[in-house]
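Note that the chains are named A, B, C and D in the order they appear, and that numbering of residues resets to 1 at the start of each chain.
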């Protein structure tokens, strides 16, 4: 498998983890989901993110899922695997396992105990050392990790840790961060790494405008991310906004913590991608009122997409 | 002045604090802003919120601002004043001052040190006792206060603290919270208080659908909140969504922490409401890239509003 | 192996994780450490706590360590194993593994995302369900987990989750919590569970006075905990304080976050219990100034112990 | 009044705020307390700290208290006044008021929203600018403020903000921080500022060993801090530890959050310094079990002091 590098662009979809009614991992749905994302135009997949349901998997299930996804893609698309862990030894253990299976790279979020600039840098220096040759994605998601990483700290990591090849950017607000990082690499002060954006795609057009290379997030219509990134790359900024705006009301709804993931799985199930929208325990279930909200948003979204010819 | 009570509905706009180029409080802009909000259809105003620039005011400036706003409105609209403080004595001192000036009620956010259900309840019981007859708004904004208030705790406060007449709701996600509170008051288990929603109005149509009475937030186009709430109250749900969606891209942009307030003031200045969009120090300034983002959103919003005849 | 139950008392020492100079797990030191703790009068051992170096172990190393400790004790003392994990499935997986090896029970700290009383209760209800028959220890350590558990929440867990048999108490301050829990069980309102205290033993005499059953902590002189608990159980309160006070200056020094663990391992290495005091990366190293501090404290402690004939 | 400067040393006692039975500020006790601290050997007093009961005072009460303390001391000892506030304008307003009354300097803790190194530095640069000529103390207390300030950030503040003349050090652990700061000033890399230590004095002998200039904390026996600092300054390290150890059991008890302050006031009341040990609402009250704990500690402390001839 080709390794992840600084040139990555497009849309790396954060995959959901499909479960059967009884809570077991649903591998048939995994296959269908992988096909769906590929057909939707994804340029990569990301699995075992810490913010979805991956932490609910046993170590064995995590391996089974990873192997299944990689096998299904058969090298056509790269797979990034989340390996965040409180210690470096278990992180390296998991990274070695998944890289051995054919993953393209791994993703590491900071533990919530980090505070000062130097603590954050030292942590990622240690990560780089522990992972050896394996390229990794720095996940910058302060809303969830509680760790604020200043642009200068990212620059220092990029400078001193050559295997850090991508920033999964989901600071909020983070547009200025992208601008600062791109200005630094444009001036040749620091290596230019790939920046893919998260936050459910809620700022994707503006992020592309600041120099992002695409998206790494999990909205239930990957068509949105693919469409926005494609239009932007084709120089059609207004079209990118048209597409984005059509999906925005639903994307916003999906961005609610907890309930948002249930919404995403509900829509994917409704679209026939996964068998059921169930979350594994502990997890919230949608109420009838939630479903009514979502159905209205879907109906309005369909109409709006037709109006703009998308 | 009529006191705030459980029947409050509509749109209480969270006012910005206008400053002159030199950082002084700009009272001429205050007057213009008050007029603007009133003409836009606000049913009330809220000032000295802890999350804007009120904490940057001296005690004297806070009084000058409050007096100016109340005098300008001359009793036509109620004014709610934020009085959150670490101690009950200074909170009562400020509350007495502003109620003496003619405020309709005060608003209290929890100090970030509160953790357990009982700690939160006890705090608000103490608030109620300290404030005496003064009606108050419970501000529930966990993203900023770091305090998560369970629906049952709100119910207990409503039950035992009769002067708590309104919930400023900005939990995220919080739709279920509104549903739970409304189910309880519908069943007669608890007094029905006013629920006005914050979060920049980003979930306003759905919040109205769950039984909210309106909005208390500060988006730079109060027309959005007034339009959505009005359409909902008139039973025209789809129209509410049409209006909401037209403003959503900008509302989303304004919801970025820090930069969002600068965006709001920039637009208000551009609309002629306040003299300048400056934040008082310490505060961020918009970059040219930010302004380009905002201008594009404004241009697209204008076109879309025309398309939907709003 | 006998399972852990509500009658547990005495001193469960939190074992350190010994590493060789090269960072490998040092199993010879593990054996010696187990013997040392047993000879010092421990009534149980606790391993794989989340707050020491257990998170630095790979999954395989965790199993090797657990097996080694249990085999060495050969049933003479019960072993509690920390199994805290973000998801219930991996927690159950680890619990089943260690119980299969002969552990007496497991210990579970709350994930830092829990906030309200109901969230905390629901989490532990889910833990109880996931663990089946396996008895578990509720670890209440807000300083590190950031989760504050009110006494009434603990009582509700004790009432509704019969496999919760012990509280590892390290709230700070927490003396009132012990008093409240003991008053409730004395009145027969709730099952009486074992309460063993942490916090490096810094409040052990007062905790015993409130009704604790002993200590579960890791100070480098387990003689302190054994002595204090023994004197208390023998009704000799002043003697308990005499012993405690002799060790307090060092115990206080060891309670510093980060550096404290390095201090503990330094002393254990100096006492010949483990081969080296190294922390595995990432971990702090003692400076010469730290070592000078510790040596002075050790010298003074030796003199004081002689003075009081302990 | 002489202004606070980098040469400050000795013991600045953090004064409690005495209230009468009915919750009113007790000015007679204020006078007696000031005399008591002076007679005990304090070299300065600190009032209106954010971590005690100062936030419970109204603005007017704060002024009354400050004036009373300064008047009572009549220039014999310098007074530092806490002026932490969320905004710079109200901070400056309070600072100007108290400096006008004759305070020697002010103290500023960081707001809990600060995260990155640059954010912290910028905040204090803004503080320095806002305060003008007024010398200020940087209060570094991460356990309560949730802000971790790296030594290099303190050094940068010292370098670029000349009115920062003192560090109130209560990081935990923080011995290494003192060592780093002193090494930097010894090498002439940075101005040498005064370092006075907090944390209830729990690490005072070791802090003196690292180069601290004394203590700024509020233990109910200021004799402890005065004795330890004095013995250290006289070169008698073992004597410093003897004195420290005699008071340590009680100092440790007083370090419990919340209940600790009630303990401190209880003892001060018992010693006849203040009229009652009441905390103003909201505040905890000691239980009979707490009082029994404290009385035993006092009795044992008296015996031990006699034994060591202190």
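Basically, a residue touches a chain if its C-beta (ideal position, glycine included) is under 8 Å from a C-beta of that chain, and two chains touch if they have at least 3 such contacts.
What you see is a predicted model, and the numbers here were worked out from it, not measured in a lab.
Undergrad: Could you tell me which chain lies farthest from subunit D when each chain's centre is the average position of its Cα atoms?
TA: For subunit D, the chain whose C-alpha mean is farthest off is A.
Undergrad: Between C-D and B-C, flag the pair that has more C-beta pairs in contact.
TA: Ranking C-D and B-C by C-beta contacts puts C-D first.
Undergrad: Roughly how far is subunit B from subunit D, going centre to centre by Cα mean, in whole Å?
TA: The separation of the two C-alpha centroids amounts to 38 Å.
Undergrad: With chain centres taken as the means of their Cα atoms, state the distance from subunit B to subunit C in Å.
TA: 47
Undergrad: Between subunit C and subunit D, what is the separation of their C-alpha centroids in Å?
TA: 33
Undergrad: Could you say which residues in subunit A touch two or more other chains, in rising order?
TA: Answer for subunit A, listing residues that touch two or more other chains: there are none.
Undergrad: Residues of subunit D touching subunit C in their complex?
TA: 172-173, 175-176, 179, 202-203, 206, 209-210, 237-238, 241, 244-245, 248-249, 252-253, 256-260, 287, 289-290, 292-293, 296, 300, 304
Undergrad: Touching residues of subunit C toward subunit A in the complex: what are they?
TA: These residues of subunit C touch subunit A: 50, 53, 55-61, 85-90, 92-93, 112, 122-123, 126, 280-282.
Undergrad: Where on subunit A is subunit D touching in the complex?
TA: Contact set of subunit A toward subunit D: 115-119, 142, 148-150, 152-153.
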